[in-house]
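Input: one structure, supplied below.
For reference, chains read A, B and C in written order, and residue numbers begin at 1 within each chain.
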Amino acid sequence: MTPPLLVARDLTRRYGAVTALDALTVDVDAGITGLVGANGAGKSTFIKILLGLVEPTSGTAALAGHDVCTERDAIRALVGYMPEHDCLPPEMSAAEFVTFMARCSGLPANAARERAAEVLRHVGLFEERYRPMGGYSTGMGQRVKLAQALVHDPRLLILDEPTNGLDPAGRDDMLALIERTGREFGMSVLVSSHLLGELERIAERIVLIEAGRLVRAAPVGVLTGETGTLVVELDADAATLDAFVTGLASRGLAVRLDRQRVLVDIPDGADPAQVAHVHDAVRDAAVACEAGLLRLERRRGHLEDLFASAAA
Amino acid sequence: MSDPTATIHDLGYRRYEGPRDGARGAFDALVWQGIRTMFGIGRPFKAKSVPVFVIVVTMLPALATLTAASASGGQMPVPYGILIAPQLLLFVLYGAAQAPEMLSRDQQHRVLPLMLTRDVTRGQYASARLLAMFTAMFVVCLAPLLLLYIGEISIAKQPTAAFARMGGKIGPVLLHATMTAWVIAGVSAALASLTARRAYATAAVIGVFLVVAAITTGLNELAGLPDGVTALLDPIQALRTMALMLFGETTRGMELTPPPPLPLFLVVLVALGAAGAAGLVWRLRRVDL
Amino acid sequence: MSAAAVGPLPGQAPSVGAPPVGAPPLVFDHVSHWYGDVVAVNDVSATVEPGITGLLGPNGAGKSTLLQMAAGLIAPSSGGVRVFGESPVERPAIFRRVALVPEREALPGMLSARAFVEARATLLGLRDVRGAAARALALVELDLVADRKVQGFSKGMRQRTKLAAALVHEPQLVLLDEPFNGLDPRQRLQMMRLLEARAAAGTAVLLSSHILEEIEGVASRILVVLAGRLAASGDHRTLRRLMTDRPHTVRLRASDNRALAARLVAHPVVIGVEVDAHDLTVRTTDFTAFSRLVLRAAQGHGAHAPALTLYEVQPTDESLEHVFAYLVER
């Protein structure tokens, strides 16, 4: 078992009377991790501590074995940060900016220039990299932000709302880029985001922080795993739907209607034969009603469910 | 047929295993980038306009004086202090225009947080910016005086004799340029770091120098504060008086009331610049990211 | 209404006659709007009924302009906007039935939430300013903190304050520009619940966003706007089925994938079949016909084609994202 990449133990940060982080204890493994939590839950404070921008009041955190407080220099080389806010001077070009950032990370001038060029290619900026960034679209700006985070070859990339301001096509591109970075470039990624659907797509595990404490840390598969409910969508009018539901109920199945979808409960502990029986009943009832089968699947958990109960 | 000379190169992501110069490299990069910003190098013409304007305009009187002096066959004296005195305001203008580019801009575009996650501490950032400002200002303040110095030696009928006679002037030339650059850079950097809006920073720098001049004049004329004291309180006046003293020149006012001794000027100006530097560091330590 | 519109004073009757009965809350009729050379909205025709309608499109597509025209803040350059049957431009009586929550609206930090909402109520000329404000604040669940200053509020609370101010006169048409911007999942869910409650009570809600995920959960109808034009309208699943020039992709899992594949490939509506380790992926030109075909194929026919169990049938390109990508490409 590889040791976790990031380890936090009783990490606490107070600002006067306000406790931003309250004895946060969490292990984050290598790979792509989603960081979720309400606004003000402590995510930004946690990130700032990892970046060395803020000192914890108490507790420890270590990245790849290096303590965040005592080995600041080592940490700086290991972490890349893509902030949520705008940070691109409009009069500079992307090439200049990323090169400068590389030099701020201590890379010698020639290496800085080469790495900047490489990294800009990886994020998909070509001739536009020589133009002043003031004229860049949001998508291009986000790519530059990602490039400067990568240029010094960190081990952990921290991304804060990376798809901010992007339209749907831009989002897809950015998510694909992040996935590539995590899978192909051999880097671990910590993505802080409010867009749970996006995290479901790219994250391998989720860390949920609430009021400065860890509430849940689990693989995405567990959180979005199958439930015991079968979702059926039919191509049918209201009357046919009712007939379908009645037909299933008459076969002894627990069934209910949720807007246009029919939900059938699969009993706990049902063996494969019983499960197959339920599916076949659905099939036959649909044929009997002359409806079409548009969708048949187990309902899955959603990351949103982590928040739903609390919002009620 | 397989062609052994055909290859597809792996253009995938590569790790960086090379040297990392750490804070040292970052500091140097910041200073160099700062100096380039001070002169508008690598920027469109607009960014160069103030530096170029100041350099040209401050050099012109020196050039004119040298031309007249050479025409007069070396008889006309070359007055360093009197020539440099009016240029001081232009140097302030230079500081007021460029300090915001050095300090306010990074705050405005929120680049500072990014730098701080790298091998740059707040203290190092402040020092690098100040060093870049000081270096550039030193060059600009030195230029007219150096021109006079080199010119005076060159136009003399016997340059070597002239050098032997007045070569020592290089000392005061360097000293004055250093003091001017130190004070203006320190004060304008500190003021510019207070705000992210460049226009406000420029106005603040010009405003502070003008207001201090006005107050000291008021204190001098209305409250009867002695000339010697006001010469120390107002940095522009201090630099002006110091210039005259360094090059052995005087004005009527100075003949009537002798100014304080030179070392006192040095102490006051060094302290003022240091106060500016300290203010800069203090401000950057506290700025919220 | 965010404009400083003053309605009739308390005790006065409205100056405009009652709008036609049964007029839809909002109608865009061949509406265009341009600023100089920039055409922000280009010949858009759509109707918004009670319920939640999502206005979807990339940044700069014209969503904000459409909302402002609906609120009567700007007049269309051509075509007409009708709110409950009448043009909303400079018609105070219409303002009373409409509310707009703009994307960027500075809340004066020194005011309490209650003061802000009451100020809005006063500007609108409501009779019972305190009562209306109290009800609106209760609706958005800010009643317990209503007397705190707004500057201490979180983003979610500020959004709710703006919403309360917008709802204080109980409008029948509520327009929101990017209401979920910057909200965390819980705050977003809460805002969605509030809007769903309003919609259930008969209000027409039109909200804009450039984030599909936000709209998918809450809107029953969407209007997709691209570069000022209306690219599509309707329920996104139904829209997908209208995209007939693009074959549907459906993933299936049955007790015997290959057998099912063999039975399906015989039919003309099936244009592609791919079998891999776990699933069967089918491409079809007619999803509706396929939905019946798959059932019959699974049921089989006698001894030579025994019944197969269907475990999963999943259209893989019905998401709002796919619909959107398709529309963008046209």
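In this section, contacts are C-beta pairs under 8 Å (C-beta built on N, C-alpha and C of every residue); 3 or more make two chains touch, one makes a residue touch a chain.
Note that this is a predicted model, so its numbers are computed, not measured.
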item: Farthest-lying chain, centroid of Cα atoms versus that of subunit B; value: C
item: Chain closest to the middle, measuring from C-alpha centroids that were averaged per chain; value: A
item: Separation of mean Cα positions, subunit C and subunit A [Å, integer]; value: 25
item: Subunit A and subunit B: spacing of chain centres that average the CA atoms, whole Å; value: 49
item: Geometric centre distance via CA averages, subunit C-subunit B, whole Å; value: 59
item: Residue numbers of subunit B (touch at least two other chains); value: none
item: In subunit C, residues with contacts to at least two other chains; value: none
item: Footprint of subunit C on subunit A - complex, ascending; value: 36-41, 138, 165, 167-169, 171-172, 194-198, 234-235, 276, 279-280, 282-284, 286-287, 290-298, 303-304, 306-308, 310-311
item: Residues of subunit C touching subunit A in the complex; value: 58-59, 154-156, 182-190, 193, 210-213, 217, 255, 287-292, 294-296, 298-299, 307, 309-315, 321, 324-325, 328
item: Complex contact set, residues of subunit B against subunit A; value: 12-16, 18-26, 29-30, 33, 42-44, 47, 105, 109-111, 113-120, 289
item: Contact set on subunit A toward subunit B in their complex; value: 48, 51-53, 73, 76-77, 79, 81, 83, 85-91, 96, 100-101, 103-109, 111, 115, 118, 122, 148, 152-153, 184-186
